[in-house]
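Next, two complexes with chain A in common: one pairs it with chain B, the other with chain C.
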Partner chain A sequence: MSAIVEAKRLTKTYGSFTAVNNVSFTIEPDKIYGLLGRNGAGKTTIMHLITAQLFASSGELLVFGQEPYENERVLRQTCFIKESQKYPDTFRVTDVLGTAAMMFPNWDEGFAKRLLTDFNLPLKRRMKKLSRGMLSSVGIIIGLASRAPLTIFDEPYLGLDAVARNIFYERLMEDYAEFPRTVILSTHLIDEVSKLLEHVIVIDGGQILLDEEADSLRGRAYTVTGPSAKIDAYAAGKPVIHQEALGGSRAVTVFERLGATDQKQAEALGLQFSPVTIQQLIVCLTTRSSEQKGAYL
Partner chain B sequence: MGNQIDDSRPIFVQIAERIEDDILEGGLPEESQVPSTNQFASFYGINPATAAKGVNLLVDQEILYKKRGIGMFVSSGAKVKLMEKRKEQFVEQYVVTMMREAEKLGITSEQLTDMIRERGNRA
Partner chain C sequence: MNSSVKSVVRMHMKDRLSWFYLPWCIMLSSFVINLILAGTMQEEQLVTGGLASIFIYMLVSGIVSVQHTFPFALGFSVRRRDYYSGSMVMIVAVSLFTSILLCLLSYIEDASGGWAVELYFFHIPYITDGNALQQLVVFASVLLFMYLLGFAISSLNRRFGKMGLYTAAIASLVLGTLFVYGVIYLEWWKGIFDFFDGRSAFEVGLLLLPVSIVLSGISYALLRRSTV
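This part shows the complex of A and B:
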């Protein structure tokens, strides 16, 4: 099957500010992507470009093989759940779901009903009377029950408690297993979602910092701790992305897979290893890159 | 969700290890059916594609085999094969680590042998 989204040298500028800078990437069918990065990195701009809510300044963008702008065929297959979706003042929950049912060809009414129960949502309540968390659950229900071939969640769970977030993750995985589709999930809660992701794209300063399979990021870096002098000897010439000192000891995070030779050397020096999670890796890389841009990437 | 999946090592490797452990401990006897990719995914709260990769790793090593249209099964001879593989790792993973720690604590290899023998007698 061909790509769901194909971006080539995509750029978006606002006056003198470049939000997305010459970015190329491919979103493949039926995978769950994590679009990660700090606030202001350009994630939301990219999602707005894909969903034709913004025009690119330059570059090419194809969604389902076509240009997305005012393209009914593309937009009907795409469901975009935004952090701060606005609804008409008079709408009740039931009106919003009714509208969604008309918009999305794959809408599953039964699934939507089950989700309403899961999230304890009052069907008759007016949207403007809902709490922040309840508003988020309405978005999540639409995103899941629409079963759109391309579903994009942009930080979908503002105000949602841990239990409700867990329900979201579980329902997403169950339904995805039964009805595979392409999902882009943008979030800051990396530790919570990383196990769900097949592929990770990290945006930093409008550019792509990482574009890799999630599993290949696990074990891509390690932290080694020990007496400062020994650590300095060990880390010399290695791609160090983070370091911390405590008294006479020091911990450095090295951005490479731990090879057998290095491991033997470090063990001979009596150094301790600890693994680095995807969240820790991304935090290290995006903290550092503001000072020293992508030196090891 | 979670079930002790560790986010700092490739998940597909961890899934393969869990299946290996089940085979070694007898939870998955030879010629029995292995849970489906989706069952693994929902149990561990992971992506089904990642679970499938773990299962396929063991298919490549002929620990598991596929019955078309039915699912994955444990090969006969899988347990012996895994025991051989794990024994090779045992020295590196446990013995070397133990000896290093013993050295740090000033425990001689003679004392170490005594400790092991003592535990063995008690067990």
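This part shows the complex of A and C:
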């Protein structure tokens, strides 16, 4: 099957500021993608470009094989839930859900009803009067119940408590298993979602830092801990992306797969290994790249 | 009408408060106050301009509507074109519906001798001089024009932001000043007077229609390139 989204040299500038800089990537069907990065990295801009709510300054962008701008066929299959979504002042929760039911062809009313109970939302309350967390739940309900072949969540759970976030992950996984579709999830809570993600794209400073399968990412780096002198000897010439000193001992994070020879060498030195989570890896890489552009990548 | 346009119309229909209840509440409260006044005065007939409130409401409604519903609809994957078409269908329908009610009230007012207290709120000299159909055209055309003026202003804001609005405001101020200068010193007023002299409200209403169509076209051109 062909790609759902194909971006080639995509660029978006605002005056002298470049929000998205020459970005190329492909989103494949029926996978859950994590679009990760720091604030202002350009994630939201990319998602707005995919849904034709913003216009690219240059580059090529195909969604479902076509240009998304004013394209009924593409837009009907797309649902973009964003934190900044505006609602008419006079609309109540029921009006917003009723509108969503008309706009999204795959809308499942029963599923929406179940989610409403899950999230405990007052149907008759005006959108204006909802708390931040409730507002987020409305977005989540729409994103899930619309069952759009391309569903995009941009920071979908601002203000939601851990219980509600868990409900979101569970319902997403259950429904995704039954109705596979392409999901792009952008969030700061990387640890929470990392088990959901099948593919990770990391954006930093408007550019792609990493575009990899989540599984392969899990073994991409490791941390070794031990006495400073031994660690220095071990880490010499290795791609160190992070280090921490703790009294006489030191921990360094090395951005490479742990090879058998290295492991033997380190064990001989009496060093300890620990795996690096996707969140730790991304924090290291994005912190690092703001100091030293693109080293080891 | 394709299904997306229909959905946009139905989205607008969900906001009955803004489209129907609010304008009528405002106008009818003005009407009730005038009715009490006319009842207590007893002597002469009372002709008021309270009807203007619904036309001014339409201007405001046009401005607010784009602001609230355009980002909402686009956020739900609606094409700009479908949003525009649906909004136009809605406003034409609302204008016609409102006009029919206004005509009806105007007729009742006339037939009942100004609600028995000689209050002329809906049945106003010149404006409602024509037959029922002509009155309908006058009401509908002015309602439409006011709404589309607001719609165009708000579309300009959507497309070019505050700077766009300021630029347009300054430009229209300059043009307006030049126009007034022309009217007074170049004696354009004679031509303008001749143009409107003897024309019925119905004819003026008809002449307003192409202006509304131009406003509508401008709005579409602006919204097509607007972002959220």
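Here, the second predicted complex is superposed on the first by the 297 of 297 C-alpha atoms of A that agree within 3 Å, B and C clash if a C-alpha of one lies under 4 Å from a C-alpha of the other, contacts with A are read in each partner's own complex, and residues count from 1 in each chain.
We take it that a contact is a pair of C-beta atoms (placed from the backbone, for glycine too) under 8 Å apart; a residue touches a chain by one contact, two chains touch by 3 or more.
This one's a predicted model, so the numbers in the text were calculated from it and none came from an experiment.
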item: Chain B versus chain C as contact partner of A:Ser216, first or second or both or neither; value: first
item: Partner chain in contact with A:Asp191 - chain B first, chain C second, else both or neither; value: first
item: Touched partner set for A:Thr51, first chain B, second chain C, both or neither; value: second
item: Which superposed partner A:Ala100 touches (first chain B, second chain C, both, neither); value: second
item: First, second, both or neither for A:Glu72, with chain B first and chain C second; value: second
item: Which superposed partner A:Met173 touches (first chain B, second chain C, both, neither); value: first
item: Partner chain(s) touched by A:Phe91 [first = chain B, second = chain C, both, neither]; value: second
item: Overlap of the chain B and chain C footprints on chain A, listed as residue numbers; value: none
item: Of all residues in chain A, those that touch chain B in their complex; value: 31-32, 166, 169-170, 173-174, 176-178, 191, 194-198, 214-216, 218-219, 267, 270, 275-280
item: List of chain A residues in touch with chain C within their complex; value: 48, 51, 53-55, 70-72, 75-76, 78-80, 82, 85-91, 95, 98-100, 102-104, 142, 148
item: Residue ranges of chain B touching chain A (in the complex, touch as defined); value: 1-2, 5-12, 38, 41-42, 44-50, 53, 100, 104
item: Chain A-touching residues of chain C, taken from the complex the two chains share; value: 2, 4, 7, 10-11, 14-15, 17-18, 68-69, 71-72, 74-82, 224-225, 227-228
